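Down below are the structures I want you to see.
Heads up, the next two complexes both have subunit A, just with different partners, subunit B and then subunit C.
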Partner chain A sequence: MNPSLALQRFFLKNGMALGIFLLVAVAFWMFILIILPQLFMVDFSLSKNLPPAEIGGPKDVLTFEHYKFMLYGSAKEAGSFNTVDLGVFMRTLLAAFFVTIFDLVLCYPIAYYLAQVAHGGWGRLMVLSLIVPFWVNEILRAFAFRIMFGSAGVINTFLIWAGILDQPYDFIPNNVALYAGLGYAFILLMIFPLYNAIESLDKNQIEAARDMGASWLRIHWRVVIPFAKPGISSGCTMVFMLTAGALAAPQILGGPSSLWFTQIIYQWFNTGGNWPRGSAYAIILLVSTILIVLLVMKIFKVKLGEIAK
Partner chain B sequence: MIADRVRKFFVIGFVIVFFSYLFGPLLLMSVSAFNSSAFPRVSPFECFTVEWFAVLAQDATLMEGLRNSLFIGFGVVLIAVPMGLAGALMLTQVNPRVRPWYYTVVISPILIPGVVLGISTLVFWDRLGTMFGASYDSIFYDGIFLTIVGQSTFIAAYAMLVFISRLQRFDTAQEEAALDLGATNVQAFRKVLLPFLKPAIGSAAVLAFLASFENYNTTVFTIVSESTLTTVLASKVRYGINPSISALAVVIVVLTLVGAVFYEILQRREAAAAKASEAVARGETATRAQQAALYADPAVIIALLVFIAGFGTVYFAGTLGVDECKVAVKEEKQRLARERTKMRQSLEMFKGAAPGVQTAPATTAPKVRAKGTEGYENVFAPSNLEETVDSDSPAQQKQQEQPEEKVESPGKSQFQNIFDPANLQQQSGSGGTN
Partner chain C sequence: MSADVELNDVWIKFGDFVAARDVNITIEGGEFFSFLGPSGCGKTTLLRAVSGFLEPSQGTIKIGGQNMAGIGPNKRPTALIFQNLALFPLMAVWENIAFALEVRGMGKAARRKKADELLELIALPGQGDKLVHELSGGQKQRVAIARALAAEPEVLLLDEPLSALDLKLRQHMRTELRAIQQRVGITFIYITHDQGEALTMSDQVAVMREGIIEQVGDGNNIYDHPATSFVASFVGENNLFRGRITGIDGDYAMVDTNVGPLKARMTKTNGEVPLKFNDDAFVFVRPESLKFANGVNYENTVRARIAHQEFEGHFWQVYLDVAQAEKRISMSLVNDGQELGHETGSEVTLGFTPDLAVALPEGPLAAGE
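Let's look at the complex of A and B:
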């Protein structure tokens, strides 16, 4: 279609004022807020870390040094891998993956229960009460876990009182608190897509399967889960992306010796004072999480369009 | 039958476990806000107190962060909601072949990690500023502006989703009818579509404000040298904490509960009409709709009971018994405290008045640490220490004369001297009689 014709029709349909508003608002959002900043970040990650005066000067050339640094570390010890950063990176992705699985396993029964079993006032009350923790600040939620898991925290006190432990177990250096807190932080982004998907399943389908003699497990495996697949994948996508990109929970609950990849990025921006390198690391995080999501979706044969619904 | 019952038992057990995972941490944190222990904890529960709320209200850095957060929240609402609305309206008009691409671009900020969004915003405006040769106090480096822009990037997508779901229920015949009857495009938009979208605008605005208010990942990069409530909280939680943070959590939880109940009431009013028409369409849902209306009240009733119980407890405990309880606990600790005081006194003599306490914070991110310790600086200030040492011996004498008088361990009384005006009077008054 002819673009100028389309534009003409667009203004005819919306009128001048509204048409201009729509175009300006959408263009501002898409280009100034979304696309250009990402492109600038890519460009920035390919530049050297220079003082402001030298930017644009002869030294300002394209370089892959920050990506190389992620792989090999500093130039002095060439040939060996940057085990620290790579290790943190792999650990972050792996932990995010397991947190996602944990949330899925935890939320699926609840979502099913709320969507298909519970009804009336209590069902609504439970759905509503899911929202409450979500609006409590992410930092405060992490703080709550710190109170619980601290060496003088409730869990240790209880375990000692019950005689299971002799002395307090250090949950924080061992990252137990971190994983519990991360699983908690994004639980609702798992449960709501699941709930929405399962709720739209016609009860008769389950009844029919039951009447035909399908076992309880088989009903879920063959009827409910295939139906809820878009919800499951969109929940998993969101939880995985957000967990891998979490900053508050690792900062507050992480042990002193263990880092989350976002913390390394944060350090490059703050104490490290190397913004291009931080940008490069951020791009590595973004690209690798997107690739993992696409890969998993390919394995489970889910289309992107289904998730976006 | 037995198998059924066993299964039901497991299901209910699982639901209970799930909801205790969801609410347990918040509940414990709320409890720790009322514990007089100087460190946020639930056990041992020393005395019931509301003093941490006063400490909270006196915290200047937190209050400044709160002001900035509110300002940013309103800015985000003003930018993100119109953008989301435009994005949603555009989606209905854009060429079907372009639509998936367009949708992918505008929805992507939801999936991009907040850290990445913050960094890209920071870098983009920084580079623009460099290009234009702007000075460091121009808008390109202004933390508040950058945060509004950075948060709007993804919050507009939330708003857009709200508008899309509302627009899906819009009957375009209405708009066509208005146009047929001679309305101009602008009139049709203002008189037909906009009124239909009004509830969605309201909920998008609330959603945008809340999302902005609690955002951390993006803000921590874009805020530069300013602070918001979340960044102040984060540095406080990391580098030194007292239960006033729990008190803040209690305030937020209560506000959320009030909001949830309010929202529920509004929703029910709106849903009543929708359900009625739905019930006609589907015979089966008619009974469910009726049931929902009948059972509708547990949410409101339980919330009300919680409020009444909560406020009642706070009120009574606030009026009676706090001081007596504290004395009891403190008497138990008295010997320990005295020993500690002695040790500290000898340390003082050894070191002079150097504030040796201030070694706790970790070594990372010095900029943030400075911010975090600000609120506590006066607590550890050398002058304060001296004051406590001086007031310590009269306090001990006092305790023999009037047992109900408050006697604090040294660390404790510093907090109270500062933050509780009544306390100050009490002490200086009785000091005068001595």
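Let's look at the complex of A and C:
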């Protein structure tokens, strides 16, 4: 359809006032809230870190030095990399990847149960017990995890009482608490897309497969998972992006020695006082996660449009 | 291979609700057996019990002489065709058909070959690579049948598989289904609320009402010798006169009805007539059994006024008002090239012989009667 005709129809359907409101609202959302700030970030990331007086002056030129810094650090000799930042970066992406896989494995059975098996009271109770903890704010939840995983926390106390451990295990420095906290932080964003996808699967298809002798494993592999693929990718995308970009959980639950990449970004903006470098790092994170998501989608043959379903 | 199916004293309850009540049925191997009944009477429920998706609350189901209690749907020699077909939308047609073979671990080439053979059988050769949504309703139907047949079941269970099709296609698929059944020679258990379907295709029909099997018999038997008022009113058109038994004469009952005394045949169950003196009774007469008396001396006559007549080509449908009857009655007369001979509005005498009328105990009627 040609755009002017489409626009005409759009106004006919919604009326002038509502039509204008919708267009302005969407435009505001897109440009002011999303694109513009990101453009500022790009602009920042390509500028030198100058005192306010010199901004706009002759020294304010386009530079890739912050991106280069991420790669090579401040080292003078060629061939030496910024191993600290790159290491943290890779570890963050890898950890986010595994947290995503962990969430998927954990949430798939729950979502399947809620969507296809549970009916009435049980299902509602389960959904409620999934949602209610998220009324507690993120920081409090992270501290609660910290207390729980602490050396005198519930988990250690229990493990010692049960005779599994004879002295407390340090969950915090070993990052167990961090991964558990991150895994829990975005669990709803995994469950709901999965639930939506699986819920729309006709029960009869599951029964038909079963009737033809399929094992449960094969039913999931051949019928449920292919059908739920858009939900799986949309859940994984959100969890991966948000985990890689999480700040509160790493700040509170991370061990003293281990940094999350967002913490480095935060440091550049905050204590480091170098906004351009922080922006460059943030953009590197954003672009990398987007590329990874697109790559994985390509591998699993998921189209972008399907995710919006 | 075909297996016989036996339901003994089967009850199925959902909480307090009884969906099937004391069902006793024996289905011979290789038979085309239909369950016929109105929506919600428990047909699907019964079929799900045979295929193993639910266990009867009481009673036993045997397939090929083997008790099926505790045997899951994936282990039974049955294949179910669902009311909505439930084809796998993300698999190609041939993968759908070969799914049961995939489950058994057959190699891809062999699966493909078998699927192509089945596509021949259902008259869809060369369509294996299509996706399900690219097929027409009738084609999907046939793919669902092929998918079920691929599992080589001994009993094929079909849950109203034709209900989503238009009339023309439905009639065509009836013939097709019957032909497929005769070719593969396995037991078909077929569910429908369409009596035409049940009567034309089946060797045996069980008529159901609210979880109860009202009658089992072949099409003729059900149509001509209904065992209950429900069967008489549900299967085919029937005119109903209410009355009370004034006498029994062998297989015939004298009934004093609201349109005068009528004599009608009774359907025996277990060699016994179902009525006795002073019982409340229904007399059913089929539209095609009614004739204009035109001076002939019939044993049963009814005075009526022609309200309306329709010419249908090979027959006339005539609607008449009877003074004391609560409902308009109808008669159909074969078009034998003669004029009908009576005008709308005229008073006529209708006649019929006792053999063409059925007296049954008063009982529930099909909705709309």
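Criterion: the second predicted complex is superposed on the first by the 278 of 309 C-alpha atoms of A that agree within 3 Å, B and C clash if a C-alpha of one lies under 4 Å from a C-alpha of the other, contacts with A are read in each partner's own complex, and residues count from 1 in each chain.
What we mean here is this: a residue touches a chain if its C-beta (ideal position, glycine included) is under 8 Å from a C-beta of that chain, and two chains touch if they have at least 3 such contacts.
These figures come from a predicted structure and were not determined experimentally.
Student: Should the superposition on subunit A be reported as showing a clash between subunit B and subunit C, or a fit?
Tutor: Aligned through their shared chain, the two binders fit side by side on subunit A.
Student: Classify the contacts of A:17 with the two partner chains as first (subunit B alone), second (subunit C alone), both, or neither.
Tutor: So A:17 only meets subunit B here.
Student: Just subunit B (first), just subunit C (second), both, or neither: which does A:40 touch?
Tutor: first
Student: Quick check for you: in the superposed arrangement, does A:248 touch first (subunit B), second (subunit C), both or neither?
Tutor: In the superposition, A:248 contacts subunit B only.
Student: On the A-aligned overlay, A:122 touches which partner chain: subunit B = first, subunit C = second, or both, or neither?
Tutor: first
Student: Which partner chains sit in contact with A:28 here, subunit B, subunit C, both or neither? Use first/second/both/neither.
Tutor: The first partner, subunit B, only.
Student: Figure out whether A:141 sits in contact with subunit B (first) or subunit C (second), or with both, or with neither.
Tutor: After superposing on A, A:141 lies in contact with subunit B but is clear of subunit C.
Student: Using the superposition described at the top, determine whether subunit B or subunit C touches more residues of subunit A.
Tutor: Looking at subunit A, the partner in contact with more of its residues is B.
Student: Taking the superposition as given, tell me the minimum C-alpha spacing from subunit B to subunit C, whole angstrom.
Tutor: 6
Student: In their shared complex, at which residues does subunit A touch subunit B?
Tutor: So the residues of subunit A in touch with subunit B come to 1, 6, 10, 12-15, 17-18, 21-22, 25-26, 28-30, 33-38, 40-41, 44, 52, 55-56, 106, 109-110, 113, 117, 119-122, 124-126, 128-133, 135-148, 150, 152-154, 157, 184, 187, 216, 237-238, 241-242, 244-248, 251-252, 256, 262, 265-267, 269-271, 275, 278-279, 282-283, 285-286, 289-290, 304-305, 308.
Student: In the complex formed with subunit A, which residues of subunit B make contact?
Tutor: For subunit B paired with subunit A, touching residues are 7, 11, 14-15, 18-19, 21-26, 28-29, 32, 39-43, 82-83, 85-87, 89-90, 93, 95, 100, 103-117, 119-124, 126-127, 130, 149, 152-153, 156, 184-186, 189, 210, 214, 216-217, 220-221, 229-230, 233-234, 237-238, 241, 245-246, 248-249, 252-253, 256-257, 259-260, 264, 288, 291-292, 294-299, 302, 362, 364-368.
Student: Would you tell me which residues of subunit A are touching subunit C in their complex?
Tutor: That would be residues 202, 204-205, 207-215, 218, 222-223, 226-227 of subunit A.
Student: In the complex formed with subunit A, which residues of subunit C make contact?
Tutor: 51-53, 72-75, 78-80, 82-84, 86-91, 99-100, 102-104, 147-148, 151
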